[in-house]
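In the two complexes below, chain A is the common chain; its partner is chain B in one and chain C in the other.
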Partner chain A sequence: MAAEPAAAASGGIAGEMEVEAYRRLFPLAFLERHLAESVRPDARRLSEARPTTVGIGVVSSAHGSALVRLGETAMLASIKLEVMSPPAESPDEGSVAVEFHMPPICSPLVRPGRPAVAAPVISKALEDVLVSSGMLNLKELCLISGKASWLAYLDIYCLNADGSLFDAALFSSVAAFKHLEIPLVSVGDDGRVFTVGGIEGKTKFELVNREKRKLTLGNIPYSLTCALHKDSVLADPNSEEESIIETSVTIVVDSSDRLVSVQKLGGAVASMGTIKECISLAKERRRMLLEILTGSFETTEVDQTE
Partner chain B sequence: MVETGRADGRNPNQLRPFSCTRNPLNRAHGSARWSQGDTVVLAAVYGPKPGTRKGENPEKASIEVVWKPKTGQIGRQEKEYEMTLKRTLQNICLLTVHPNTTTSIVLQVVDDDGSTLQLTSFVSAAVAISCGVMENGAVILDTSKAEEKQQLKSFADLVFPNSCKSVGLKEPKQKDEQIERGLITSITHGVMSEDDYFNCIERGLAASSRISEFMRNTMQKDASEAA
Partner chain C sequence: MSSSAATGTYSPAAEAGGKRREKREELRRHLAEDADWPRADNRSFHACREAFLRTGATTAASGSAYAEFGKTKVIVSVFGPRESKKAMMYSDVGRLNCNVSYTTFATPVRGQGTDNKEYSSMLHKALEGAVMLHTFPKTTVDVFALVLESGGSKIL
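Coming up: the complex of A and B.
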């Protein structure tokens, strides 16, 4: 950014000042001057989300994986399946274990001894949304009723934290589940289930599941986080905006217009009108995300050989 | 979805009875013990203590919330509650009055029968400064744990602000103005339609005025005793 002279802040510092210095010293005033012109410091409109891309199958050793970039925010979701015996209450269902990690690589605020405050909160919210949305049918993760089922370990790693972490994490989880290929298994002589690989394996062993299967995803949830500042609603805030504006609401909608989740953890009071606006922004965003998701799967299917 | 006969015989809009004990702990700078039905929470406030933790803004007071569940280890649910309460209090309290200090609020769940977050939002606001009201709405209000776990398809934890933001308790009670009441916190569990959600908010708002009434009465009694 070129150093242009900017007008003085109301704090009384007269004269010219570099834009970057103004941005650091008076972050709120800097943001508000942009909002007065209905624009944001990164030149986005208020209701505009950042460019989003998703890459499928980025981790070849995982059974399902996806890398999502939401502006500068990068999330890697990977799923590994393990055979386990199902609990007595649900003998024909598998299970999913969700873990959200914020390693120190993602942000200068995270240190090895100082874990991010947001990480367990996002982890819990992710698990709740994935379970309650009805996207996953746990019965599809069953192998042999009562004896063996799949436990899917979903790990989401934040590679770069630049705001809207939950949105990116949810989108990458959805993409990873869509990409997930359940490996072929067979039962050994000792009764243990083991995975079978390759074409040779297909013919040699008695397979429990016929072909490598994909999960059928029910109502897929899509999320949008909005930062609320006085009367402005900023969709998809980056980390700079999130640090200035402490109030935000995350809306998760599914494809049948139902509200999967409305999370607003404290902060300033938001009027009903604002919440309604956020919900309609989330619905628009859902359309865009659906396009991006199906688009990325179409391109990868063309490349894959069976 | 609408349960006409609730397990404890309440009608859909009925809240469980409230009670409170002021200052049960004499070592804490402030404390309160509130109960709503079978949910009981004990809150203690310590502070302001000098210095802020690393990463917090030294020009403002910082608030630290510690949530202790009744049983079990501190997990993700507790962290979510801590973050919610911290953000709620940060917006309620005037942070510039005591810059570079830390005020700690410790919440101990003594008994959990649902609606603990609401009760603690209420409790910590009563102990810290003023004006925080909580409510809970599904199609029924103020759900108990049994209802949350089994019967409801979805429910929402909602926190609304009090209509009157005055801290001056010696002033006569102000008439409730017709200002649009907003939402401080919303945590939903389960999928619900948009209409259901706004229905919950409306019912919650209506009932929250009863709670804010109770709170105002309690604090006025407190202030007159102290005077």
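Coming up: the complex of A and C.
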């Protein structure tokens, strides 16, 4: 272990410089010294997640949108609906296209032309979880059976990458779907569907759907990522912790506390006991996230103007 | 609609063209004939939209800002000065690298979200004069802009 910077204890500018240098030069030792005191470098308890906030309806041109802040990690999810002809094998179902983007603004590791390694991994994982959790009933996205149905383009942009990207991305997708309002449409003479706005529009045209409606969401998935280091389980790691600790587990539970997915991609071996601890942390987190989600919908008066 | 031709989808909002076409014709007539008339959002000719600026939008970057001009919303991050693979040769002055890209939901009709080379080079030309490149030789400063919503006059 490195020589202890005794000067750090003496305080003053010299003391602070020592700590910052120690943090950069020996990040693992720096973290372990904190873990020995059951605390993390940002003063959180080991099982404590960062403060989370949700803002809905942030993108005015989208049919559903949400901005989630998980500590410093910021995710913007937006859903735009387009009409398509459903495939022959599922004529009364719509579909969802999920894409997760990490633009260069979010992290120094991403360059234009060299996309982040994590982006397609998270994109695929998100799609799998959203579809398999049973949250969405694709039949609700149908317009005219066999002829027209909705294709929901879900685009999630990471605005600031500071760890736990999958958690924030999933939460923002869920919030955006909860916020989603399907617009009123009518069928034109050429057989194409078009949106109808305003009161006169409602009475002038023959509407396909009665009123602007929201999707009914089934079991909503909530996730928690935990970093595993020796015997410690750190919930909701930030980017500094993620860069030091190689092993992490992502648990997804639904609103009935059932397990939707467990993802552990490589890293050190983890015992069943550790995984069970992560699962119980995820269940606790689920309760908190549900509160935050319902709280944000109650306080926000969503006004969908043109 | 060229982007959706490949997937065979279309945005129903774009179909309600009738009324919009009328509005556009009226606008064109006004521009040609009248000297002073209210714009779509009741502004006078020389009035600018409300601006909103805030720094510190992203913490991962060395510096960042969020700006709103009416309905146009942009996030910008600056990284640097940092080492760059492109600047292999020693140079007395630093390099400035600008990149402007759009989100897929920036335009009313869903786009591809690709880089906009024209705006990138315009941004580069605009900032060139303001950045003191000789103070950071051999390194690069990267400026990345992401347009969240586009309502005209993005170059700001």
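In this section, the second predicted complex is superposed on the first by the 283 of 306 C-alpha atoms of A that agree within 3 Å, B and C clash if a C-alpha of one lies under 4 Å from a C-alpha of the other, contacts with A are read in each partner's own complex, and residues count from 1 in each chain.
Methods note: contacts are C-beta pairs under 8 Å (C-beta built on N, C-alpha and C of every residue); 3 or more make two chains touch, one makes a residue touch a chain.
Since the model is a prediction, treat every value here as computed from it, not as a measurement.
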Clash-or-fit label for the pair chain B, chain C on chain A: fit
Partner chain(s) touched by A:R192 [first = chain B, second = chain C, both, neither]: second
Partner chain in contact with A:A176 - chain B first, chain C second, else both or neither: neither
Partner chain(s) touched by A:E72 [first = chain B, second = chain C, both, neither]: second
Contacts of A:P104 with chain B and chain C, given as first, second, both or neither: second
First (chain B), second (chain C), both or neither touched by A:P112: second
First, second, both or neither for A:A168, with chain B first and chain C second: neither
Shortest CA-CA distance between chain B and chain C [superposed frame, angstrom]: 9
Complex contact set, residues of chain A against chain C: 59-62, 65, 72, 74, 76, 78, 80-85, 99, 101, 103-108, 111-112, 151, 153, 155, 157, 159-162, 183, 185, 188, 192-197, 239
Complex contacts: residues of chain B adjacent to chain A: 54-55, 75-77, 79-80, 83-91, 154, 156, 159, 161, 180, 182-194, 197-198, 201
Touching residues on chain C, where the partner in the complex is chain A: 4, 7-13, 15-16, 57-61, 64, 71, 75-77, 79, 82, 99, 101, 103-108, 110, 113, 115, 142, 144-146, 148-149
Chain A residues within the chain B interface of the complex: 109, 114, 117-118, 120-121, 123-125, 128, 132-134, 219, 246-247, 249, 254, 257-272, 274-275, 279
